[in-house]
Structures are given as C-alpha cells and as structure tokens.
Amino acid sequence: MNRFEKGLDVFSEYMDDGWEKPKNGQMEDPLDSVAPDFRRWIIEAYGEIYGRPHLDKKERALIVIASLVTQGAHTQLATHIKRGLNAGLTKEQLAECIIQCLPYNGFPRVQQALVILKQVIEE
Amino acid sequence: MNRFEKGLDVFSEYMDDGWEKPKNGQMEDPLDSVAPDFRRWIIEAYGEIYGRPHLDKKERALIVIASLVTQGAHTQLATHIKRGLNAGLTKEQLAECIIQCLPYNGFPRVQQALVILKQVIEE
Amino acid sequence: MNRFEKGLDVFSEYMDDGWEKPKNGQMEDPLDSVAPDFRRWIIEAYGEIYGRPHLDKKERALIVIASLVTQGAHTQLATHIKRGLNAGLTKEQLAECIIQCLPYNGFPRVQQALVILKQVIEE
Amino acid sequence: MNRFEKGLDVFSEYMDDGWEKPKNGQMEDPLDSVAPDFRRWIIEAYGEIYGRPHLDKKERALIVIASLVTQGAHTQLATHIKRGLNAGLTKEQLAECIIQCLPYNGFPRVQQALVILKQVIEE
Amino acid sequence: MNRFEKGLDVFSEYMDDGWEKPKNGQMEDPLDSVAPDFRRWIIEAYGEIYGRPHLDKKERALIVIASLVTQGAHTQLATHIKRGLNAGLTKEQLAECIIQCLPYNGFPRVQQALVILKQVIEE
Amino acid sequence: MNRFEKGLDVFSEYMDDGWEKPKNGQMEDPLDSVAPDFRRWIIEAYGEIYGRPHLDKKERALIVIASLVTQGAHTQLATHIKRGLNAGLTKEQLAECIIQCLPYNGFPRVQQALVILKQVIEE
C-alpha cells in the first residue's frame, strides 16, 4: 500500500458514510487544472500525520479546528467542522472548541468561526 | 464564590502540585505595576471558559496549544505546554499536537514550537 | 448593577440614537443557537475594558479600528467603523486612522479597510 | 519627471497592452472619495521599489505574490496574478510560485491562492 | 523643502528633547550597509502620513501602537512606546491602549506588549 | 531512489560546499528527541516541492524568503538567507527581495528581516 492509499484509508474516517474511496487510486479535484498534485498531497498528509498514534481522531480534529480558527481560514474551517462531525464530535464540542480559542484570539476570530459553525450546522 | 475564586479553582487544575491557591483571594503578577487587572482577567477566563462542560481539561489544553502554535506566541506556548503536562497530557501527546499543526501551518511555526517543547521537557 | 448591566451602559455610547437598551437585561444575538454566552461576553467587555479611565471613547474606537485593520477582520471592521461614527469620530478621522496604518501594514490591509470604510459611509 | 510619473512608467510594465498612461498625470481610483492620495502612493511605490536594480520584473512579481499568498490577501492576489502574467510569467510559473509556499504556510493559504489563480486564468 | 526634510520636521515631534535634526539632511542608520534607502523611506513616511490633518500626534501614536500590538512586532513596539511618551502620552494611556486591544487580540499579544511597556518604563 | 534520497539531492543544492550528504540515508537533527520524523519531512519537501520544474532554484529561494519575511519567521529566515546565498543569489538580490516586501507588509516586518540579513552577511 503506497502513501496515497494509506492516506485514503485515514481520510475516509473523516468523511461521511456516503463517501466512496476512489477505486482507481485517483481522486479528482477542482484544482487539478492548475495544480494536479495538490489533492494527492492532502491525502498523503492524512496518512503521514493524522494516521499517527498518541491522539485519537476527535482530538486531531479539535487541534485542526483550533488552528483554522486562529488563522481565520474560513473555507477550510467549514470543511473541517464537517469532518469533525464525521469523526464523532458533537456540535456542542465544536462550539466549545471555538469558544476555548476566545481568550487567546479575541472576539473577531471567534465570532467569524461561530458564524461558520452555525452555517454548517443549519445546512 | 465570585468570578476570581471560581477561576482560581479551575486554574489550579493546570498548575503543578506545588502551586498554592492564594489565601487572600489576590495573586501577585510581574505586570501589576503597569496593568494591575491583567492577572485577574486571566484567572477569571479560567472560570468562564476553561470551566465549561463538553470538553475535558486535556482537550482544552490541546486546543490552546494548537492556537498558540498557529500564532507563534512562544512565551505563552512554553507556559501552556507546562499546564498541559499538569493537566495530564504526555510529552508524546504534546509533540503530536504540534505535529498535527504541520499541514495547516507549514514548517516554520511547527519547528519553532518543537524547539520550545524540547526546551520545556529538558528543563 | 452587575457586569452585564454596566457593560450595556458603556456599550450604548457606541450605538446610534435609535438603539434601545434591552429592558429585561437580556440581548438576543444571531449566535445564541450555537454560543448563548457569546453576546454577554462582548457586552461585559465593554464594561470591563471600554469603561476604564485615561482614554476617551473616540480614542478607544481608533485603537480598536487600528487593530481590526491590522488583523484584516472585515466584518468586525465595518461594525466598529459604525460604532466610531456613533462615538463622535468624523469620516475624515476614520480615513486617517486607516491611512496611519499604511506604513506599518502595507497596501493590502489598508486597501481592504478603505473599501469597507467607503461601503459603510455610502450606506 | 516627478515620483508619480516615474512610478507610472514602471507601473505600465505590469499592465496589459490596452492600458493607457493617464495624460494629465492623474489617475482616478474608486477610493478617491475616502482617500484621494491612496492611488498616488501605490504608483509612487512602483517607481521607488519595483524600479530598483538587481531583480527583474518577473522576480519582483513572484516575491509579491508569495507575500500575498502568505498573508491571505485575496483581492490583491488576483490583481497581482494578472500583473505577473503581464510581466511575462506563465500560468505554470504562477502555480509553482504558490506551490512553493506550501511547506512554509500549509494547505489553507495555498488552497485559497490556487482557487484564485484558477479563477483569474479562467476569466 | 523636500520630502525628507518635511519628514524630519514631523519625525522630530516624536523624538526626545536631546534628539538633533541631522544638519546635512542625511541620517545614519545601522541598516545602511544592506539597505541605504531604508531610513529615508521611514523619515519620508513621517512627512507623508504622520504629517496629515484630522488626527493629532497622540492619536496617531495610539493607532500605531495598537497596530504593532496586534502584529506582535516587539522591537518596533518598544520604539513606538518611547515615541508615544515623547508625543505626550502618559504611561497610563499607553497601558490603556494595550489593554483596549485585549478583547480583539486575546491574552498572548497583550501580555507580550505589557511586558515591553514595563521594560520601556523601567529603563 | 526513495523520497528521502530524492529530497537529499535537491536539498544539497541549497547547502554550502562543505555539506556532505549522509551516507546511511539518515540525517540527525536536534529535534529528533521530540519529533524524529520532522527532519525527514523537511528533506522530502525538497524533493516534492523544490525539485519541480518551471522555476529555478534562485526563484524558489526568493519566494520562500518573501514568505518568511511576511510571516515574521526569524530563525527560518536566517537559515533560508544562507540557502539563498548557496543557491547563487547575491546579497544585493537578497536585500532587494526583502525591500520588495515593503509596500505589501510595512516597515516592521521589513526592518526585522533586514536586521537578520545584516547579521547573516556579517557572520
């Protein structure tokens, strides 16, 4: 099993039940026309980083969300809130994760993140 | 019990065994000469934010550390690595927390954080 | 008078004349469904921070706007430009506040902020 | 030739063939109503900074794009991708410039930038 | 009077009484060996930006300090705290400026800034 | 040749003449005690990212330096200024790279970077 396939295995744990692992070991991405390796690098990162021991998938999702709240990465935050739900986090835990960032980031970052959380939950 | 006292109770869970809760409900801080309310606000934040339900103290420590890695707040990162150890995280878990930030922050932030983790552990 | 009520008093100075202080000491917020304490924390911050001595409300509004320009917090910048106008700043002073950030932030942050200032003024 | 005129000369190298240098030495800008000097400062920066020796215009465009990717300045990134194309960079070189930022910034910043590159190229 | 000389006039208002305007219209800087125009650009920025109407020098100093607190620019923060004192701000006002950044930046940025304020005041 | 070995080949182009490729395919790093995979990931990134076509090694070094200036990553900036020199950039080109960041980042980031450039050159 190569890096990409190992990555897909770990990646699937953060996707909802309807998600199907690509059979030919390839995964299409809207960015293929400008950066055809980009999707592969993301998937490989799941194998190399998310697949490591000592922390479970819920804890890793919380860490990623805290980092995205802090850097104000809104599109990715919406994506990773969904992956966090798929990994087993409740919406209360996701709200607490964002709230826990408040004393270390201030109101603007946290407000932006809570708006995104609300949008994802209401979808 | 007022906000400060409630905060001290939660704060004590992140301090080592030698730490003693101030008896007179006051806590000296090096910054008292320029901002005498600053320490109080920190302690109150422990009661208001860390003391909330849905996430345990290890999860909250991981979230804070991920945020500090992301913003490159080195002094505070050293402090919160120690508090994470006091809250029960192992040094392997702390290393994984920082490593999990790699795909979302890149090498510089993570390298700086690992250097600080190494210094704290070696102390 | 508790923290929230004290905060409401200070907060009202940054709101336009049509704003009415909530009578039941509660204030609805779109984020109540995900983080029901969030609005309360903001209001309390007005009492704890904005309500302090040594700087007047115009100076505090300038400081907040400079910080929001620097962190690129666009939604909050629009809000605080309006609050600055309510606090008595002229649109020329608001433009100068953003322009004064230019040598310390560069063109992108300042251009984004001027676009927002223009939108708020034209509304 | 004053600073503004010198700036216009350098600026023209980053504009497409249809762009015409303003004849009266003035250049209108949507931000004139709030900050009438803002456009002049940008043009002067082309004379003072872009017009310097040791690096050519393609290299300067790559540097600016790398900085804008890093700070997540999306509107300005779209503008400078177009200027980079006008300065002679290929779309492959622009994609590589953004990809080279990946190990130092992580996936979110780079994904946002690739989305913008794709939009500019497809226009 | 050229840009540099106009800049020196405005710059002198932020320097202490012992500071003497360079007689030959030139100003030495430690960075001259790598970037001989750098000091000139800073001085010119004082004429172009600080010298504008609608805000006084204390207000401009507060805005700059708020921006430097937000971006965590420690060396420049120490410099501009001194210039703020020279411009007539009291140490209490400087502390309040930093404290006013707390709700919008969180504890780490503000703590770092207060440590620097304390160092400058104690010097 | 695996990823690490391919990475070492590309990495060697950014190292000075005295640098020797590790014979056993392993490379010691001060961070091995906390994150033994960290050095391998860096080296692999050289093979995966720096080793790509369309941009030469000088251009890639300029892009990385521009990104590090922008994020204020001082330790890594010193390292990559040295690697830029090894890749064939002159000290004048390195100064221009940092200066080109000025209009997009402002004085603090650029001043910090020029101080580091000066230190590296004087070593």
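Here the chain labels run A, B, C, D, E and F in written order, and each chain numbers its own residues starting at 1.
Here is the rule we go by: a residue touches a chain if its C-beta (ideal position, glycine included) is under 8 Å from a C-beta of that chain, and two chains touch if they have at least 3 such contacts.
Protein names from UniProt, one per chain: A, B, C, D, E, F = 4-carboxymuconolactone decarboxylase.
These numbers were taken from a predicted model, which means no experiment stands behind them.
A.B. asks: Centre to centre, using CA atoms, which chain is the farthest one from chain C?
C.D. replies: F
A.B. asks: Mind checking chain E against chain F and telling me if their interface is mostly the same residue numbers on each side, over half, or mostly different?
C.D. replies: Comparing the two copies, chain E and chain F contact each other through largely different residue numbers, since under half are shared.
A.B. asks: Among the listed pairs E-F, B-D or C-F, choose the one whose interface is a repeat of B-F, with over half of the contact pairs the same by residue number.
C.D. replies: Answer for the repeat of B-F: E-F.
A.B. asks: Please state whether C-D or A-B has more C-beta contact pairs across its interface.
C.D. replies: Pair with more contacting C-beta pairs, C-D versus A-B: A-B.
A.B. asks: Rounded to a whole Å, what is the gap between the Cα centroids of chain B and chain E?
C.D. replies: 32
A.B. asks: Taking each chain's centre as its mean C-alpha position, how far apart are chain A and chain E in Å?
C.D. replies: About 41 Å, centre to centre.
A.B. asks: Between chain B and chain C, tell me the centre distance in angstrom, where each centre is the average of that chain's C-alpha atoms.
C.D. replies: Using C-alpha averages as centres, the distance is 29 Å.
A.B. asks: Send over the residues of chain A in touch with two or more other chains.
C.D. replies: Correct list: 41-42, 45, 68, 71-73, 76, 95, 99, 102-105, 107-108.
A.B. asks: Where on chain E is chain C touching in the complex?
C.D. replies: 42, 45, 49-50, 52-55, 59-60, 62-64, 66-71, 73, 76, 90, 92-93, 95-97, 99-105
A.B. asks: Inside the complex, what are the residues of chain E that reach chain F?
C.D. replies: 30-31, 33-35, 37-38, 41-42, 45, 68, 71-73, 75-76
A.B. asks: Going by the contact rule set out above, which residues of chain F touch chain E in the complex?
C.D. replies: 72, 91, 95, 98-99, 102, 107-112, 114-115, 117-118, 121
A.B. asks: Mind pulling up the chain D residues that touch chain B in the complex?
C.D. replies: 102-108
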